[in-house]
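Shared between the two complexes below is chain A, which pairs with chain B and chain C, respectively.
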Partner chain A sequence: MMNIVVLAKLVPDLVEELTIDASGAALDLTFARWIINELFDDHAIEQGILLKERSGGTVTVIAPDLEGADDVLFTAAAKGADRLIKVRSDFSAANNHAVARAFSAIIKGFQPDLILTGVQAHNDLDGSAGPLLAESLGLPYVGYVSGVALADGKFMVKKEYPGGLIAEMEVTLPAVFGIQAAEQPPRYVAVSKVRQAMKTSSIEEMDASDLDLSGAPEIERMFQPEAAAHAEMLEGTPEEVSAKLVALFKELGVL
Partner chain B sequence: MSQDIYVVIEHLRGQVADISYTMLAAARELSRATSGKVIAVLLGHNAKNLARDFAADQVLYLDHASLAEFTSDAYQKALAELISKDQPRAVLFGNTSIGADVASVLSMRLGLPLVNSCRSFTSEAKFISQICGGKIMAEGELPSPTALVTMVPGGYQPDQGKSVESPPVTESAVPALEALRVTLSKYIEPESADVDISKEPLLIAVGRGIQNKDNIELADALAQAIGGVVCASRPVIDQGWLPTSRLVGKSGKHVKPKIYFAMGISGAPEHVEAITQSDTIIAVNTDPRAPIFNVAKYGVEMDIFELVETLTETVKQAK
Partner chain C sequence: MNATEVAERSFEAKVLEAVPDGERLRLCLECGNCSGICPFGYLMLYPPSRMIAMMRADRINKVLETDTIWMCVSCYACTAVCPSKIPVTPGLMTSIKEELLLVGNVPAELQNALANSQRYGNPLGESPRKRADWTMGIQPEVKVMAKHKQPVDVLWFVGDYASYHPRVQSATKALARVLNALGVDFGILGAEENSDGDSQRLAGERGLFEMLAEKNGRAFSKYQFNKIITSDPHAYNALKNEYPALGISYPLQHYTEFLAERIDQIKLLLKRQISARVTYHDPCYLGRANGVFDPPRELLCAIPGVELAEMTHNHSNSLCCGGGGGGMWLDGFQWEKAHVRLSDWRVREAINTGAEVLAVACPYEPPRFEDAAKTMPGADKLKVRDIAELLAEAMDV
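And then the complex of A and B:
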């Protein structure tokens, strides 16, 4: 019976416009839309549930108490997660060093065999929570993982390198893995199933210890990169744009 | 304590990764500001010859059978010892499958500050990091006493980190690497593919904007009409809509076609780093602020689904 813990992070949605606050050194998150670190955490949750289905065990999903956390947790429950936890703290000011220390204090009590995180998020300035957490707990870490199996009391993980090369690593239990992709695409759950999960499962709330922010660099200013160049925009109706593109293809010698 | 800049060289199966040279170039710039030396740190086994073209003042070579290929536990142990002993001003790692497994762990273990996703340094030794998918840059003073830094490509050319003269190599002690919790069992080669996108002259690339598997057909039809091949960004591949061999980006292939036609791709750094060698990038995106428009030569601010079928027809008629 494997005890699997998955961390779900909430990040500002990049589709929305990002603005820098009055200090000039941080993002203005007043109006940010918080979404799950979806490219990776959805995969971490999927990988956890796949392992449970294959090898038995329980999946606990932990998220910080930000707007949107309930959604993320109940969606995980609808997919098969057993235990849902929301951690209370002032995460708006936190960095990943602080998050890792705070979460490690909570997770230690669960005596997990396996902890899964997303491989990284787009707003990290002080490293990734996965390896920071692993070290806080004194556990081994492997990131860029796209497959986890349990064999003879050890984990066999697939670690991705550029160009599609995979390294198979053998790792002792317990361990922390940063998930790049689950073995199969994250399952889809219907909204009705999520609604049902809201009725049948409950979220436990826990308090994080005081946040220790040390280990992160100080930011003096943030800015939007000035593009060295900008594309020449082709305007018009779809027909007009198509004609311009075809002319371009001809000019470039591909038509 | 020294003012030297250490660069942790990345290599796999006898091949030094480009990011290693990018970091040597970055270290050169940083070392000017700190008045220190550029020291390449090479971990390996019978791998001394990998150092021959490093643009470094010195190479520290750590040889051990357990360092022959990268594993996180062995690298962490060897580097923890070296960094605490030498206390350089900064240690540069790649923000890669190798560096990201090591840098954060060492930050926690040694109690040293970490700067992530650094793209370049200023002449005053400030770091500039790239976050939020390339939409935001963050600048700050290089933290003390020893800054651990993970670097992304783009700020320096790998060629700037190469030298025709071989640097002096000094062997450095390796601590006992026992009871390792992570070991390499084997490499698995990429699946062989029907096409090699790194060699194709015309690529029709689709991103998350394509919305679902069925819509891939629209890109296929365009590719067929024009004589190109369909490839994709990571989310499309991870959804299983196209095979892994079609992945363009940091974890996939680097491409250099005559035309890279990107539809519904935002232009995240992990994608863009792999397409900058293209002759002409053309991007279609509904978001006028999408970073892809900063690397594309031509852009169309339009919904894919309003454009693609008309474009396919127009191409067919033009033939």
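And then the complex of A and C:
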């Protein structure tokens, strides 16, 4: 019986305008709506459920206690997750180093065979959470995974490389996987099923130890994209333009 | 009984209970009228009459394995022609879509719209905080109830596309200016308004519909007003026929009914001539489903210079624009199956009347018909205008 743990990260919803806070080095998240990291962590949940449906096992979904976490967890239960956990701490100000440490301490206690999480998120400012989590747990990590399978006692993953290359790897469990895409798009669950899950399943709450934010780069300034200086157009025949270009490169010291 | 048989029988029970006159399903004559009139019946593996036959043969599970039911745009054409008066659209078609949804047989496009409706309260995936952004620049200012905090005479339920869709916003603004010109004391819910949920319900998402209806019901109950008007026939259908069963019931009018009641006052304000041959498209959920045929025509005929011409299919025989019952969110899916849009057929009929203007009264229609007109030969001079836009133009407001 495979013990599958999915770390479901939440991210600020980009449908709302983002503003920079008074410090000028972080987002103002006072009015942010937190949603599942749809492009990746939603796929991690789907992949966990698919694996369970195919090979048996249990799926535990664990999420930070941000507004929106209950929705994410109950929706996961409606899809087939067995255990729902919400971890309490001030995650809205946490970086991935802190998230990885906080969750690894809790996940370790579950003795999972595999841990799935989204390969990246739009608010990854200090690297993605997956490898940091693996490091903290002392487990191997494979990222950009787009398929997992248990066959003849071997655990195989598909990893995507740029340029359309896909590698098949045999991995010794336990391990952490950063999910790029589940084998099929995350399923839609009817609201009636989610409402039912709210009645029949419960969310366990656990406390994270104090958040340790160390190790991440310090952010000096965060700002909206600023209009850069205008491009200078080089005019003339192709020969003239290339001569100007070469002169320019020399002037800039790259030739 | 084995498990499959139980599923078969429970589906029949579900249809019989889905609507008050669901029992009439037993009276099906297998005449096939429903499947014949269905605009996409020729593409459905199991159009309504055949589905009923499958149900009677306890083989509905076969139907659940197919996806062509998603061609149904809940247009009520089948229901309107059934000699046994069977509620085909709200009973049979909606129930089968609910089953498809529960087994996860849902086109991805539709899933997106449903997920957006869950999260944001609108299928477009727009920020709920921006729901009243269209009001900017309108004078006198449009009252948003949460800020206004006073009773109003009329609460305007604006609707999703009327609030957010850039093309439809122009019709919404026109209606706001017309209401102002008439001195109507009206307010809107703004960010507190959620999708009416009717098209989601007809696409099989009953639970989502109830969730949205409850949210709207809570918002209504916070404020004082005498009646609700709406720009959206889908919202009209929900508020009139579905919300009361959930304990949400208010006097209600479509904006065309509301304005037609004030026709004498309006006539005095129509200063500008609109010299054009105009044809009117009956929206399924205003006309066929709810019997509102005359008020939109009265308004059009009141505009000096307008000459009304009817299309071949009009009144209860109107052709669907293709947007109902989830069709609004299945364009890609339906195109793959049909390689034609229902809006194409409608625009061709409009051209054949020799009309210069195709007048509409539903927020789904301006973008659908304008898109069709872009590729339809002979449609280059056809303008699609909401009745509110024509009135605002004639009033010069």
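We adopt the following convention: the second predicted complex is superposed on the first by the 223 of 255 C-alpha atoms of A that agree within 3 Å, B and C clash if a C-alpha of one lies under 4 Å from a C-alpha of the other, contacts with A are read in each partner's own complex, and residues count from 1 in each chain.
The rule is short, and it goes like this: contacts are C-beta pairs under 8 Å (C-beta built on N, C-alpha and C of every residue); 3 or more make two chains touch, one makes a residue touch a chain.
Predicted, not measured: the structure shown is a model, and the values here were computed from it.
When both complexes are overlaid on chain A, the residue A:Lys193 reaches chain C alone and has no touch with chain B.
Partner contacting the larger number of chain A residues, of chain B and chain C: B. Contact with neither chain B nor chain C is seen for A:Asp28 once the two complexes are overlaid on the shared chain.
By the touch criterion defined above, A:Asp70 lies against neither chain B nor chain C after alignment on the C-alpha atoms of chain A. When both complexes are overlaid on chain A, the residue A:Asp126 reaches chain B alone and has no touch with chain C. Of the two partner chains placed by superposition, chain B and chain C are both touched by A:Val15. Applying the stated contact rule after C-alpha superposition, one finds that A:Pro185 touches each of chain B and chain C.
Once chain A of one complex is fitted onto chain A of the other, the partner contacts of A:Asp82 are absent, as it touches neither chain B nor chain C.
In the superposition on chain A, chain A positions 15, 17, 185 are in contact with chain B in one complex as well as with chain C in the other.
The part of chain A that touches chain C in the complex is made up of residues 15-17, 35, 185, 187-188, 190-195. Across the complex, chain B is touched by residues 12, 14-15, 17-18, 20, 25, 27, 39, 43, 96-97, 100, 119-120, 122-128, 130-132, 134-136, 140-144, 156, 158-172, 175, 178, 180-181, 184-185, 214-225, 227-234, 238-239, 241-243, 245-246, 248-250, 252-255 of chain A. Contacts from chain B toward chain A in the complex involve residues 12, 17, 69-73, 96-97, 100-105, 107-109, 111-117, 126-127, 129-143, 147, 150, 181-191, 201-202, 226-228, 234-235, 238-240, 244-245, 247, 250-253, 258-259, 266, 268, 279-283, 287, 289, 293-294, 296-302, 306-307, 310-311, 313-315, 318-319. Partner chain A is touched in their complex by these residues of chain C: 101-102, 104, 106, 108, 111, 114-115, 118-120, 125-127, 129, 204-208, 210-211.
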